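One chain, subunit A, links the two complexes that follow: it is found with subunit B in the first and with subunit C in the second.
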Partner chain A sequence: MTQGAWCGGGVVRARATRADDVRRAKRLGSMASVSLSEAEKVYIVHGVQEDLRVDGRGCEDYRCVEVETDVVSNTSGSARVKLGHTDILVGVKAEMGTPKLEKPDEGYLEFFVDCSANATPEFEGRGGDDLGTEIANTLYRIFNNKSSVDLKSLCISPREHCWILYVDVLLLECDGNLFDTICIAVKAALFNTRIPRVRVLEDEEGSKDIELSDDPYDCIRLSVENVPCIVTLCKIGYRHVVDATLQEEACSLASLLVSVTSTGVVTCMRKVGKGSLDPESIFEMMETGKRVGKVLHASLQSVLHKEESLGPKRQKVGFLG
Partner chain B sequence: MAMEMRLPVARKPLSESVGRDTKKHLVVPGDTITTDTGFMRGHGTYMGEEKLIASVAGSVERVNKLICVKALKTRYNGEVGDIVVGRITEVQQKRWKVETNSRLDSVLLLSSMNLPGGELRRRSAEDELAMRGFLQEGDLISAEVQAVFSDGAVSLHTRSLKYGKLGQGVLVQVSPSLVKRQKTHFHDLPCGASVILGNNGFIWIYPTPEHKEEGAGGFAADLETEGVRVSTEASLRTSSCLLLAMKWNWGALWSPGRTLRVPAAEAPSFLPSLAVSG
Partner chain C sequence: MPGDHRRIRGPEESQPPQLYAADEDEAPAARDPTRLRPVYARAGLLSQAKGSAYLEAGGTKVLCAVSGPRQAEGSERGGGPAGAGGEAPAALRGRLLCDFRRAPFAGRRRRAPPGGGEERELALALQEALEPAVRLGRYPRAQLEVSALLLEDGGSALAAALTAAALALADAGVEMYDLVVGCGLSRTPEPAPTWLLDPTRLEEEHAAAGLTVALMPVLNQVAGLLGSGEGGPTESWAEAVRLGLEGCQRLYPVLQQCLVRAARRRGAAAPS
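What follows is the complex of A and B.
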C-alpha cells in the first residue's frame, strides 16, 4: 500500500484497505498463522501418522506448562500461564453491582479477551478483535451451566447487590493452542481470587449499608473444583493431536474443542476449522479429550496447591525472571 | 500420555568464568569503550563527550586503530558467497521475494534460477508466467548470495545443482550470529539426517536421501512417504538438540567433528556429531 502515501486522505484510504485485508484473512482462519511449504506440511502429517511430532512428543503429550498466580497486584486474582511459547495473563477483578433480572440471587462472570499486538503483528489495531470475541464467546459457553462456579456464593443481597467477576484475558504470545492455555489460566486466576467479605447492615429506616471488614485478609475464596478446562484436538491426517503448535495447526483442517471438568464430564463441545469430521472421529476425539482433560486437571490442582503451600514467602518470578 | 506442569523458576545469571578461552569485552548501548581519542570509530560506536560510546550490545573488536562493536543478536547482514535458507514471501514480475531474517526481503531473480533439466537459455515470457509453478509463497529454498545492494538488500542465486527448492524436513531458526562462516554448509550426519546450516540462522534438517539425484537441480520436491522412521526420528532429534543448544546460549555452530556435549539428563538416546563450541 505505498501509493497514495503522500496526502492525508490517501493514507487513511490505504490504512482502511489494509484493515479490510486483515479482516478477510481473519474470516478464513482466525488464529495467528505461520506460512509453511507443502513439503513441510506433508512431513508433519507423515510424522504424526507414526506418533512422531516435530518436537518429539507423542500425539497426546502436552508441552511443559508453567503456572504462576498472583502476578498482578491490583487485581482480586491473577495468573500467568506459559505453554511452550504461548503466554497468557489473566486478571480477575471483583466489583459490586446489581444482579441480572432473571437470576436475582446470583452473581455472574464477565469475560473480556484482549489479543495484544505483542503476540503477532496481525493483531495490531482492530485485527485481534475477531479472535478475542470468539474466545470470549467460547468462555461464556463453557461457564454457562449451574455447576462450574458457585454463583450463589457471589450474592450479597438478592435483587440488590452481588459480586460481578470481571475476567480479563491478555494474550502476550501466541504459539498455538490458545484455548487450552486460556482455560488453564482462567482456572488458576479464579483459584487465586480473593473477594473481600462484606456484611449488609440494615437501618431502622430500611436503607441498607454495606460494610467491608477491616481485616484485609478476611475474604471468601471460590471453589474451582468444577471449573472446566478446554482440550483442543486437531485432526492431522488420520490421527488427532493434543496441544498443536502453530505449524501443526496449519496442517490441520478441522479441530474439536472439548470442555471437560475434573471428573471427566463434558460441558460443551465445539468444532472449528473448514474441514469436516467423521462422527466416529468425533467420538474418538471426545474420548481422548476426556482422558487427557482428567490428567490436565489433576496436574493443575497439584501445582496450584503446591504454590499455595509455599505461602507468602514464595519467591515471585513475574515478568523479569 | 505425558503432562508436565510446574512453577516458574527464575533464570540463574551466567557466572563470568563459564569455560571461555578468551575474555570478550562486552558492552551495552551507552557504555564507554575508551576515552583515548586516537582511535577511528567503526560500526556500532559513536563519539560523545570526547569518549567513544557503544550504540549496540555486543563485543568490542579492535583492528589496529579501528574500533567497532559487533552485535551479538542482530538481523542477518548478507555477504557475497553466503549460503542462506529462505522462504518465498512474494512472487513478483521476473523475481521472487525471499524472507531471510534480514532487514529487507532478499531478492531471487528469475534469471538467477536454474531451469529444470539444467538447460541454459534466455528466460522468455512463458517462463515469467510459469514462475508460480517453480516456487510458490511459503516454499523453502537454499541459495547463495550473489550481490548485496546499496540499501543492504541481498540478491540470491540458485545456479548450482545443490541449491534449489527444499523438500521434506524441519526448519530450525537460531540467531544469525551463531552460525560461523566455513567451507561447506551442507552436512550429512551419521545418524541418517542431513543438515544445511544457513548463514542467516535458518537451519534445515532433513532425512538423508538414499540416492543422490544429480540432474534434478532441486525442483522435484519428493512428496511421498519417503520418511523412513529412523531418518525422521534422526532429523527430529537433531532439531531438538539444536534448539536446546541455542536456548542454553552455547555459542557458534560449525563443522562436524566433536560430539554435541549435552548433559546426560537431557540427552536423547543418540547424539548427532554436530560440534558446538562454547
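What follows is the complex of A and C.
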C-alpha cells in the first residue's frame, strides 16, 4: 500500500439499519445537513456517555485516515486526505510577489477554500461560500503567528520580492470533522511543497534580475515541525468526542476547536456552534485536545516521512484507490 | 487653481506617513493585569432602531442597533413536533443575522468599508456568541438583524461589540435567557508573559496572543470564545479564560444599571 494510512483504533462494527420513514430534517448552519430521528439522537447521546460511539470507537479515537502527497502535478505541493468519508484535496502554488508593507522581509501564505458542489447539493452556486470563508478565516488565524511557518525563508530580497504560497483547499466530500481534515491536508501539502531556488543578480546599473536555477530538483523545502493541527471536540451530553461524524455533529450543540502544535502549545481556540459551554468543560476539552493533538502529530510525521522514504518511484494511487 | 493632473503624476497608492516615521517604540506602561477600564453604556439612543446601545470603554467606542423581528427570506414551510416551552420546531426557528463594521477612521490606518475577511469573521463570532442567549424558538420564521459599528478601536473591540449587541437586544425587548458580557485579554510577549485583562490598542499591537471571552453571567455559561496567537501551553490559556470570566462578572452590574436607566427613560418619555 503506497498511501500512508493509520487507524485510530477500535473495531468497526456494522451499524444497525434504521427505518427510513422516521426522519426529520435538521440543519446545522451551513454544513451538510443530515436527518436524524429523536430515537437515533438518544441512542448516540447515551452511547457517548458510556464512552461507546456508534462505530465502536472510544471518545478520543480518530477514524482511519489516508494521506497521500504529490497528487497534482501542476502545483508546488499537494496532498489528499480521506478521513472516513470526508475527502479534502489541497494544492500549494508558490508565486513571486511583493512583500506586505508592514513585514518587508517575510513572505506570506494566502488561503482559499472552495466547497465544491460534489460534497453536498447545498453547496451549489454560492451556497458553500459562507462555509469556505469561515474555514479560510480560521486557517489565517492559525497561521498568524511567528512560529508556525518560517516566513523569513520565503523572502527573496527585502521589500522587493518574496514567495507567496497560495494554499487552495478543495472540499470533495463532507462527512463531518472538516477542520481537522483540512489542517492535516494543509500540513501534508506544505511538507510536500518544493519551492525553486532563485538568485537575485545585480547589474552594474543597479537593476536586479531574478535567475531560476537550472536543476529542476534544486529547491527549498519548508519545515512543518511547528505547523499546528486542529482538534475539534464536540460536546455531546456531558462528554466530548473527537472526530465527530455528521450524525454526531447533529447531536451536539457546541464544539471547541483547538489548534495544537506537536509540542503541545495551543495557537488558536474557538467555540463553534449555537450552544454555550460550561467553563469546567472548556478546561477539560483543552486538555483532551492537547493530548489527542500530540498523538495525531506523531502519527502524521511518521507517515509523511515513511511516504517520502519510498522515493519518487513509488506507485501513486491518487483517485483510483 | 486645481492641480494639473495630466502633467504632475502622483503615486497610485497612498500610505500614511507613520510607516516612514523613525522607530519610536513606545512600550505599553506596566499596570495591574486585572484592571478593567471604566465603562460608559447607554441603551435606547437611536430613534429608528428597535433597540440600540452605545458602549465606550477607554478608547473603544461601539454603537449597535437591532431591528426586527421581520419575516425571514426563504422561510420554509415545515412541520414536526414543537420543542419545550412552546418553542418552534428546529426547522422553523428564528435566525440571528449579525453584521460587524469598522468605520474607516477607526484604526491607525484608513480601511475602506468592505473590510473583507476580518469583518466577516468577527460577525460570525458575534452570531455564535449571541445565539445561545436569544430564545430564537419564540420567533419562528423570523429574523433579527444586529449590526455593530466600531467607531474607534481602542483595544478589545470584539468584546465591546458583543456587550453592546447584547444590550441592544435587551433594549429591543427580544426574549433572552441572559445577557452576554464580553471581555478581551492579551498576552505580553516573551520575557515574563502575563495575561492582561481589557487591553488597550497599544497593548494589543505588542501582544503575542489575544483572546475574547463571552459569558452569560447568571447562567455561568461561556457563550463565545475566540483566541489566537502564541499563547503557550493549555494551562496559560485556561488561566486567561478564568481571568476573562471574572472580568465579565465584574462588568455585569454596570450593564444592569444601564438597562434600568433606559427603561426609566422610556417610561418617563411615554405620554401617560
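Throughout what follows, the second predicted complex is superposed on the first by the 293 of 321 C-alpha atoms of A that agree within 3 Å, B and C clash if a C-alpha of one lies under 4 Å from a C-alpha of the other, contacts with A are read in each partner's own complex, and residues count from 1 in each chain.
By our rule, a contact is a pair of C-beta atoms (placed from the backbone, for glycine too) under 8 Å apart; a residue touches a chain by one contact, two chains touch by 3 or more.
Just so we're clear, the structure is a prediction, and the values are computed from it rather than from any experiment.
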*Which holds for A:Ile164: it touches subunit B only (first), subunit C only (second), both, or neither?*
neither
*Which of the two partners, first being subunit B and second being subunit C, lies in contact with A:Ile220: first, second, both, or neither?*
neither
*May I ask you to decide whether A:Ser276 touches subunit B, subunit C, both, or neither, giving the answer as first, second, both or neither?*
second
_Touching partner for A:Leu172 - first (subunit B), second (subunit C), both, neither_ = neither
*With the two structures laid over each other on chain A, which partner does A:Val266 touch: subunit B (first), subunit C (second), both, or neither?*
second
*First (subunit B), second (subunit C), both or neither: which does A:Ser147 touch?*
second
*Spell out the part of subunit C that touches subunit A in their complex, as residue ranges.*
15, 19, 78, 80, 89-91, 117-118, 120-121, 124, 128-129, 131-133, 208-209, 211, 216, 219-234, 237-238, 241-242, 245
_List of subunit A residues in touch with subunit B within their complex_ = 35-40, 42-43, 46-47, 50, 52-58, 60-62, 64-68, 82, 242, 291-292, 295-296, 299-300, 302-303, 306-307, 315, 317, 321
*subunit C touches which residues of subunit A in the complex?*
24-27, 101-102, 133-134, 136-137, 140-142, 144-147, 254, 256, 259, 264-279, 282-283, 286-287, 289-290
*Residues of subunit B touching subunit A in the complex*: 1-11, 87, 89, 136-140, 166-171, 221-223, 225, 227, 229, 232-233, 236-237, 239-240, 268
